[in-house]
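Chains: A, B, C, D and E, in written order; residue numbering restarts at 1 for each.
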């Protein structure tokens, strides 16, 4: 029987991956009211750009990564500014579907540019690490965990405590009412999209180090991230973070169970389904008439 | 006649209705009280959207709480909503016919009953007009028609005249007064327009903070000191 | 371009000719061949058809097929069997192609092999699934992921692996691959652990650890994945410091130039990759021609395996077409010519290639193993035979080869 | 914001369409600072449409909106609000999933740090009921409580022009009575107030000037006293519509 | 919720507010709704006379996917419930049909029906959470479910005549399509068969929406509370909607199983369900014609672009841009736009006729 401890440690690292994308989704959802399905693709674009800059343009890794993040942020900002206002009055699902449009555009573009070859991006932090429970944990994995925690703590405080945070949530709830209340919607909106774009850009770079630089893989990692976000009811950053970690650990532990190993990638989905159903049964609908 | 005993409703830490005992005798009954007193919540209990923590509701001897929500409509319970809820996608006729269809009305009576109900509330628009194209006042009337079509036994009206100018309120009041008289259904009216309540209701109950603070003939209740202080305000308006 | 000047110390020989090699532009109606190639995000084999096209362009500039040009009609499919089936219909019924060359599609053989057999349309392809190797109508120029994995396992045994671990990406072939490696282990008296992995892999670290644990000291691991997925796993192995805990191998899918660049020096000499054809830096005349044509017609294709295979398929097809002397190019004549290819020799191959009359085809059954070395692929094991096992056909194939005089 | 300098809101020849139909025709209206102006009219007259146009939500197809000398025509809602015009549209439009606290905080976002706190305090003085509902999402409030929130949002930001559609919607009489002097005070402090109100007696009690809108046109402009004295003038406007309905259009 | 709706009522453009206002009119014209599926079916039956074998296969797939889109259109467009598991349901239908067909005991039409019943029952189970969840939650939960189903199918594979419950033999090669009925053995005949069955599905959906369930669904869509107050058994009608949508999708899956090529897991990635939704939103969620357009967009448009030599990457980009574009500029989708234009044209013609 192989030891489980290493898988536990690796599970936390994997959980960091789910948490990071999950928290990114929740942040953007709470600040703009849009379920941003393009988050994965945007992050992937940033990561591939960074990789290209580092390998072909000969930039060193950190500036390349910074430019990649800037590109992700710029795409997100542009999308938000162009389409946010136009779709503000539509159902959440339509807004989400529109971001799928962006996903497809990015997917096509990435396949066009980077589709033929395999790439990998190695941050210097990936090279060093510590040994924990007989497992080598590298710097990027630690960064991902730390980043998840930091992002959660900072955005939770920012959204709840600051005026700008409140304005963002107001905007996400009802853009027009917020405008009527005097919230400078364009500026606040721009800040929300830009901030979220940076989050997805950074997540993209980090994730590409952790799960590999792979167009479809990174793009649709968003679905696993959504599972964590769902457990957090698209609302609670801390729950999302915790859910991501739990899912990661569970999935990692299943790796070493032979009979279930090939079903382990179902973990995020099953956890999300179970938790949401239990919550739905426990807490009946809150809408009023 | 509706008899309520020991009714308590809780939402987490909030208790919008607390240990309430109340008998609504029949005819047209008014229900008034400050904002957040629990009037809408009370209606929600009757129509099954809110499950009370404790309590019993007997309507004409039937245990209302034992029935699932949609069965209560079939039993004869009808209501309107504080924010009007006529169905935008359907025509005026279909809006009303749908209630008839799902509350046990006979198919052969449908056409007649629906037109009767539309006539009863005095809606003058074409029955084929889509509700989405109607103005606020007309939509309220459509909702009222939905509440009176077929054979209602209890009609709950939640601020049916809110936002309507005095003239239109008067017209709605006239319709409400005819419900017990002509349809034989008891009516419970929630509104903040005292002229409407006094015009329509013989008896009135007053809620405050989830408790029954007064009940009786409307004119007496409106003179009740507590009611005047907590709800009506001391100085008369105009 | 680094590849052309690559590794080998041997002097490159003069490049082979394209077709007739007479420098005359071909004229008249084109002879149409068809190819179905997978092209979806993350899974694209267009290098195969692009290099085949490059060769056909060169042939058309050099006398064509006895004066007539040849044209490859390429249909791109995705992972949708209805689409793949309809493309076959389109190529055969609408485009009126006379044979297939350089098809390289995930689904083509599984979906269409029976149709090709029924309609007697023959193909010289770069097959992906096992179905390509088990059809009378299709003769692949390559080894295919499944047999390549077997060869990789054999290589690890040759290197002294005391245990075999294999994980195969979840495709319809995965069970067959795993069980054939189990047979190999049985034959060699070595325990085998095999499982199927779902792709895309999101937790490569756990997988790396699991594989290393399963291999134990002195074991060998075959990562039977495509290049992108395999790279994730090898990166994870490297980061976990597991490289030296086991012997590592990867089938032909890893024989990829960009993979090589990404692996880095940590893997030098530590990873055996099965090579279906000779190194892209090898000096032989055919490879030199490949390099020239790539430079001229298809510079965007990756250097190496897939391009070389497309080039080879086209070359064999042209050789077959040139053998038709009647000037009548129909499905029947072309099919017969394809089937008639018996002794195609090339410096890209270990052995001559033939189409043969059997119901199954793996003419390319003797392969090399390569490994990264200072930024280049270098050969680490010379041509060696694919192991014949009770659950594969190599014994029969070799017997047949003897019978037709190639053994 | 003193009585003398506060600008009035001028509506000049305003024309607004909803969908394809023109709902307001050449509406001319002055909302002077320092007093309450009442706007009355039957259902569907276009009162709410006018309010939305004032707030910048609906773009007029003709005419102008001026705040003193300042052009507001075609400005976006947040710009209009930033210019000092607070609009409470009909239908209790608040931020449903935000708590009462956040609803008020969002409303004072544009103010300076100090005035933010003061604004929220002021709103809570007016509607102490909201204190107990401070951390409840606005959608869970009762209808009247929601109306209190939207009024509080408007009042908390101390606008120079206040436009309220259906002031007393769903409010208990005692609250309406409490509000009346407040609005009178707000006006007295120099704010221009436009009031749309279902209870004509409430509106006329507060207003100095009154207008009657019917069929998208101003049918009457005069002092509130004049309407109080001649209630038939009001009914006439309503009758007008009944006649219009009878005649084929 | 009400507040939100009120908010929208006040400001959204007319057509965005009442995307389905037209339905009310259509309800009163019993024939017109049935006319066009009949028309489409007739045209489709004639189509093989003019097109190549390739296009027949492409259009067969398009017909199947239009039924999957129809299921979604009923659920979301009519009841307001969102399922992002339609493609997985199509896969489940395909699996069930292949498995049922493998027994060799049932005639083809019965396989279709039985598959529909199986998926319909599964639909009821999926519908249970829908009783409590709404909006994005339901969408995402069904997406999760679809992802899970796909992973299960990856491991079980589609039946290929093997033994046991799963009916899968790992050694056997090739995809094994469901055996076609004798009357529709050829591709052309099978295309006609498919179109007829698909048209029946559309008629089934139309019959539902025009009758009692349709009115109940409209009520539920607007406000569940109002529906209950009107005496509607919300539980029943929601489950009914899910059962119907899954029945139709299951039948479509069975049709797909017998189309050229057979089935593989690759063709049902979970994200394809989002693409289906996108296509349907583009095509028009609130018109049944939208489902037809969506099917064509998903299956025929790629083929068309391919014949024009457009790369699949460009297709993704085109699709993405088109999606955003239609969502922003014409909320009722291509079908809605089309029918509005037609109506306007009709009106103009009528005016001209009366004036002349």
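In this section, a residue touches a chain if its C-beta (ideal position, glycine included) is under 8 Å from a C-beta of that chain, and two chains touch if they have at least 3 such contacts.
In this text, all values refer to a predicted model and were calculated from it rather than measured experimentally.
*Asks:* How many links in the shortest chain of touching chains run from subunit C to subunit E?
*Replies:* The distance in steps between these two chains is 1.
*Asks:* What is the set of chains touching both subunit A and subunit B?
*Replies:* Under the touch definition, subunit A and subunit B have D, E as mutual neighbours.
*Asks:* Of all chains present, which has the mean Cα position farthest from that of subunit D?
*Replies:* Chain C.
*Asks:* Most C-beta contact pairs, which chains?
*Replies:* That would be the chain pair A-E.
*Asks:* How many angstrom between the C-alpha centroids of subunit E and subunit D?
*Replies:* A distance of 47 Å separates the two centres.
*Asks:* How many angstrom lie between the centres of subunit C and subunit D, each centre taken as the mean Cα position?
*Replies:* 76
*Asks:* Could you grab the centroid distance between subunit A and subunit D? Build each centroid from C-alpha atoms only and quote it in angstrom.
*Replies:* 43
*Asks:* Taking each chain's centre as its mean C-alpha position, how far apart are subunit B and subunit E in Å?
*Replies:* From the centre of subunit B to the centre of subunit E is 41 Å.
*Asks:* Could you list which residues of subunit C touch at least two other chains?
*Replies:* Within subunit C, the residues that touch at least two other chains are 40-41, 170, 196, 198.
*Asks:* Touching two or more other chains, which residues of subunit A qualify?
*Replies:* Counting only residues that touch two or more other chains, subunit A contributes 107-108, 111, 115, 174, 176-177, 220, 262, 265, 287-289.
*Asks:* Name the residues of subunit D that each touch 2 or more other chains.
*Replies:* Touching at least two other chains: 57, 89-94, 96, 139-140.
*Asks:* In the complex, go through subunit B and note every residue touching subunit E.
*Replies:* 47-49, 68-71, 73-74, 78-79, 81, 83, 85, 87-91, 94, 97-99, 101-104, 128, 130-133, 146
*Asks:* In the complex of these two chains, what residues of subunit A are touching subunit E?
*Replies:* Listed in rising order, the residues are 35, 37, 83, 86-87, 89-94, 96-98, 100-109, 111-112, 115, 174, 176-177, 220, 223, 226-227, 230, 234, 262-263, 265-266, 268-270, 272-273, 276-277, 280-281, 284-285, 287-289.
*Asks:* Help me check something: in the complex, which residues belonging to subunit B touch subunit D?
*Replies:* Per the touch definition, subunit B meets subunit D at residues 11, 14, 33-37, 39-41, 82-83, 124, 135-138, 159, 162-169, 192-194, 230-235, 237-238.
*Asks:* Within their complex, state which residues of subunit E touch subunit B.
*Replies:* Residues in contact with subunit B: 2-3, 6, 17-18, 20-21, 23-25, 27-28, 212, 215-216, 218-219, 221-223, 225-234.
*Asks:* Can you list the subunit D residues touching subunit A in their complex?
*Replies:* Residues 55-57, 76-78, 81-82, 86-87, 89, 93-98, 102-103, 105-107, 109-110, 116, 137, 139-140, 153, 157.
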